[in-house]
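Read through the structures below before going on.
In the two assemblies presented below, subunit A is common to both, partnered first by subunit B and then by subunit C.
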Partner chain A sequence: MAKRSQRFLWPALAIPSFAWLALFLAIPFYVVLCIAFGQVDPIFRTSIPAWNPLDWRFDQFAITLDRIFGANNFYLPPITRTITYVVTAVIISLIIAFPVAYFTARYAGKRKGLVLVLLVAPFWISYMMRMLAWVNLLQTDGIVNSVISLGGLLPVEVNWLSGKPYTVVMGLIYGYVPYMILPLFAALDRISPSLLEAARDLGASGFDVFRRVVIPMSIPGIAAGMLLVALPMMGDYFTSDLLSGSPDTSMIGNLINGTIQTPGQSGQAAALLLLVLLVLAAPMFLYTRTVARSETRS
Partner chain B sequence: MTISAAPIDMAMRDPELGRTRRWRRQSSTPKARGLATVTVIYLLWSLVPVAIAVLFSFNAGRSRSVWQGFSLRWYTWDPVGSVANDPSLRSALTHTLLLAVLATLVTVPLGVTLALALDRWRGRIPSGANFAVLMSFVIPEIALAIGLLFMITLLTTPFTLGTTAQVIGLITFQLSYPVVIVRARMLTIGKQYEEAARDLGATALGAVRRALLPMLYPAILVSAILVFADVLDNFVLVRYLSSDASTETTSMRIYSAARAAPTPALNALATLVLIASLTVVLLGWLAYRRWGKNEGEESSVGSFAGNF
Partner chain C sequence: MTDLTGDIARLGMSRRRILQAALLAGPGAMALAACARADSSTPTGTAASGAATLQIASPTNPVKWPINPGNEAIASGLSPEKDAVLRLYNYADYLDPGIIKSFEEKYADTGVKVELSTFNDTLEAMAKIRGGSVPFDIYFPSYDQIGKLVLANLVRPLQHSYIPNIANVYPEFLNPFYDMEWQYTTPYTLYTTGIGWRTDRVTEDIAARPNPYDVFWDPQYQEHLAVLDDYREVIGMTLLRNGGTDVNTGDDALLAAVRDALLQMNEKTQPRVTITGYTDLPEGRLDLSQAWSGDLIMAVSYLPEGVDPSILRYWFPKDGAGVVNNDVMVSLKGGQNPVLSHLFINHVMDAKEAMNNFAYTGYQPPQVSLTPEKLISDGFIPPNLQEAIVLPGYFDSGYRLLELPPDIEAKYLAIWQQFKAGA
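What follows is the complex of A and B.
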């Protein structure tokens, strides 16, 4: 009796959340598939989803791929731009995040708690507010311009907020770098100081210790941090909208967001989305698997 | 014992002193000073812009870059534009808080039961579900938002766009927080307390409820705070799943108004949400300190970093 109640307890506890995930994670994903592989009504320009997988057509994908690789490839610039922006932003994020995390883990001493609180603070400030803060600073009559022009002495009036790629990349870094610092800190904090001392005792120079002990041991944190910032950047459209608003800096997110609001193009939006997910599948899978593994390790 | 050995002896007897000394020695090297400088510059860059935005919410004039004196005009007394008197700003604030409360109330119990089940029930089905939950954490938000939007507009469902759809989307997206955090805690607790309770005559459910669950309270609290604060912040899901002006949130409001010559009332609105978020975090932290005092709770944020 006791054994039986134990056996049924866990599945019973899982039922509500399993039903939830099936309804609101699995079905929406299936709907996206059916739209991407479906047709568009020629007159009403509405999407006709193909609910039966046997009816799936590749028309929408063909149109989408043609717009990426074909003669009139107006989907391609946002895609290459996204890759450039995200790669640049991730590399600069790492250059910022590593020393900050390393300092906090090893040298902050008594002030570690305070530094950690300040590092976590951006998580409690809404992303939109943080972007709004930069919109305020970077307006043509904003504080940044008045500082650069020494309070109006120099005739400097940079229009930071209209189609400047560096503003958008700066915004992406500003928005997402906290997500990189924390996993990096967790990885660096786990390295025991005695291990570093042992390396020194065995004759390694300070640089050797860093290169051959610290770096290899922080690879998991570096990888997790890079993934955690790169994945949301790939779907981001609001940073570019707020800090530029120009088609010259539009990213894949903007492309999907714009396509979905155009009548008759939801099939292409769904196809684009699936292509993005396909590209991101490998890193997402890698992250998910490693987290799942660390959860069951006792 | 010679005099020269005394400091070492003292350091050995007093580990606290030894640590401080070593830290002092380390922190005065050029390398440590360089790293400290980078960290300070980063923190200034990270927090000063927001502080300036908060400051200008108290500006007496309409400018968001020229200080014209301190005033609560944009919070309370401006007859047209203040958060208190502009119905659309007021509704954005209350709707954001409503969504945060509703989503937290459903997500946390749902996530905790799922965490319990995933941790103790072995097999293909639970590990598949675990995978789905973790995927929902890394999947670009826009994918989930568009999927739910299509589902609700194309299928005949009892759900409508607006508050219902927004709450559904938020719960699905946030479910991974309680699951990951509670599971990390369960891993450190182990099964022995539950087994002891069973040996003393508790039913399976009773053992979970009376032995395991109380030990999970700190982790549950942490996940509730994270979910609440993250919902206040959410933009992509709530925007796609909104219906009309009454379901506009503060993040949507900032998005649509930031580039359209707004008044400092927009900053005031953002500041109020920031205050809500910080209040919840502070209250949670105080409760956590009382609860988790003797628990030796480890930082749960690291759970998301994974172990490669």
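What follows is the complex of A and C.
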């Protein structure tokens, strides 16, 4: 009897998570598919989802692909722009996060926990609120400008909020950098100090130790961190909306958001979304594979 | 295997059910509407040619909408519903809470409670009303949605005997082109679309330019300006700037010129695209913005303390040849309180209540008692913003953003999307 109940216990414990996934991932995803392959009401221009896969049509997909690769490819600029912004932001995030994570892992000692909590603390405030705070700081007569101009001594007046790509990239970095720090910290913290000492004993210089021991051993953390920040950045739209609001800095997220709100184009929005998903699935897949491999290795 | 077929069968089922629902809510109603139109042999407008078509009302083609069978106006003299919840559906910040309070007090013996829900744009609102999950009683759209609302049988015709305050508004609204004989609508607010700016930041007099719309392409204002986040307003403004007079055109050459001009605007001035100009301008985030007349009147109250309201200016063509529109109130068929709906609509058009609402929203009601001279002499509107007052004559001289046939609407949206993508 006890055995029997145990046989059902573990699968039963998985039911909530499966139900959760079905309810909030699988079903919505199916709805997106049905909208992407559905039709448009000719008068109200709302989408008519095709619930039956046999009725799926590829019109909306074709339009979307045409706008990316066709003659009038105005979907392409936001896509290339997004890739540029995200690559820049990820690289800078890594440059910022690595030393922070390294020093927390190696030198924070007993206060590791405290340092980590302090690093994460600003993120208890919602992303939106933090971006709105930046809007205040970055105004033409805001604090940032008065600091740069040394309180009005220098004739510096940067109009940060008027469609500047660097403001958006900065916003992205600020918004997502903790997601880079935490996995990096986890990877660096796992490197045993005795390995580093051994390297030094065998004659490696400090830089050699860093280059030949620390870096290779933190690669999974770097990969995880880069993925963790790149994925949400790719879909982000309110950073650009709040810190710029100009079409000149529209990203894929803005494109999808705008397309959904445009009557008659939710099908194209769904198609765009699926394409982004397909593209993002590749690095995700690579990442899970490297993680699985490194785990079997260790 | 069996599971899979079961799934498909179930999906097929739900699909059929959804089709049925869609048939009832959408096309079915359209077919009904089309029949109704054919039967009642409407005096104006394009006749329905078998399939349901959307009638487009315009000043040159005024439309008297059909009364769909089974959707006649309520009888006069009914007593209001008891202990009801009257549900309003409106933009945010677009109705004075004082009006709600005074209505509840006036009809306190019926125990009425008013509940205000808000939407961000009318497309979203329309989807929700069509969905029918909330029984909204009164909706405040622009007149360009009336055709769809009637077609889908979502609005209720008005019983005029409950609305004596119609006498307070401009007489043209007793027979507007978008709803002849005001069968479904009463006017709510009036507004023009022009340019707002701060004279402390912009030194030139924009109104003195030969073509003031050109400021949006003038690199000296680069990064300090905005256009409205509204595809009809921006495309309409660009059409006027290019020398056109038809802000509803479907002409491909004109629209191609609009697209080129908008992409050029992106390049030259990198405008923000927003409808929060009424706070951005007074708070200094913008120097110059395409704006609705009500935005500038509202902006006065958002000025930081100590800033002189006389720095705000608004421009609308002196000859009245600009974009001018109005919003309306309709009683929705899905609402549960037809009598109270009529009473509320009447209440909003009361001269005193309308004035309070104006003070709260900045959007002018079409009250005959409101004269421009009085608005300025009462100190209600500072003299530097007198161009933000909507004059009755504008409705003859101005251009109106009409409902677009779906194929032309698609062209407009494609241009807008390309502009917003920053391509």
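Here is the rule we use: the second predicted complex is superposed on the first by the 269 of 298 C-alpha atoms of A that agree within 3 Å, B and C clash if a C-alpha of one lies under 4 Å from a C-alpha of the other, contacts with A are read in each partner's own complex, and residues count from 1 in each chain.
By our rule, a residue touches a chain if its C-beta (ideal position, glycine included) is under 8 Å from a C-beta of that chain, and two chains touch if they have at least 3 such contacts.
Computed from a predicted model, the values in this text were never measured in an experiment.
Chemist: Looking at the overlay, does A:Gln139 come into contact with subunit B only (first), subunit C only (second), both, or neither?
Modeler: Touch status of A:Gln139: both partners.
Chemist: Quick one: is A:Ser192 in contact with subunit B, with subunit C, with both, or with neither? Answer first, second, both or neither.
Modeler: Touch partners of A:Ser192: none, neither subunit B nor subunit C.
Chemist: One more residue to check, A:Ser205. First (subunit B), second (subunit C), both or neither?
Modeler: Neither partner.
Chemist: Between subunit B (first) and subunit C (second), which, if any, makes contact with A:Leu76: first, second, both or neither?
Modeler: In the superposition, A:Leu76 contacts subunit C only.
Chemist: Report for A:Leu161: first if it touches subunit B alone, second if subunit C alone, otherwise both or neither.
Modeler: A:Leu161 sits against subunit B and subunit C alike.
Chemist: Go through the superposed model and pick first if A:Gln261 touches only subunit B, second if only subunit C, both, or neither.
Modeler: A:Gln261 sits against subunit C, while subunit B stays out of touch.
Chemist: Report for A:Gly245: first if it touches subunit B alone, second if subunit C alone, otherwise both or neither.
Modeler: Both partners.
Chemist: Could you look at A:Phe44 and tell me whether it touches subunit B, subunit C, both or neither (first, second, both, neither)?
Modeler: second
Chemist: Would you mind checking which one, subunit B or subunit C, touches more residues on subunit A?
Modeler: In the superposed model, B touches more residues of subunit A.
Chemist: Could you list which residues of subunit A make contact with subunit B in one structure and with subunit C in the other?
Modeler: Shared contact residues on subunit A: 139, 141, 161, 245.
Chemist: Could you please specify the touching residues of subunit C with respect to subunit A in the complex?
Modeler: Result: residues 8, 11-12, 14-15, 18, 22, 26, 30, 52, 54, 121, 123-124, 126-127, 130, 148, 151-152, 222-224, 226, 266, 270-274, 284-285, 406, 409-410, 413, 416-423 of subunit C touch subunit A.
Chemist: Help me check something: in the complex, which residues belonging to subunit A touch subunit C?
Modeler: Contacts found on subunit A: 41-46, 48, 51-52, 72-78, 81, 139-141, 159, 161-163, 244-250, 254-255, 258-259, 261-265.
Chemist: Can you tell me which positions in subunit B touch subunit A when the two form their complex?
Modeler: 19-20, 23-24, 26-27, 31-32, 34-36, 38-39, 42-43, 45-47, 49-50, 52-53, 56, 64-66, 110-111, 113-114, 116-118, 120-121, 125-127, 129-136, 138-144, 146-151, 154-155, 168-169, 171-172, 175, 180, 183-184, 187, 190, 198, 203-205, 208, 229, 232-233, 235-236, 250-251, 254-255, 258-259, 266-267, 270-271, 273-274, 277-278, 281, 299, 301-308
Chemist: Show which residues of subunit A lie in contact with subunit B when the two form their complex.
Modeler: 2, 5-6, 9-11, 13-14, 16-18, 20-21, 24-29, 31-32, 35, 47, 49, 96, 99-100, 102-104, 106-110, 115, 118-137, 139, 141-143, 146, 161, 174, 177-178, 182-183, 186-187, 206, 219-221, 223-225, 227-228, 231-232, 234-235, 237-238, 241-242, 245, 253, 256-257, 260, 266, 269-270, 273, 276-277, 280, 284, 287-288, 290-295, 297-298
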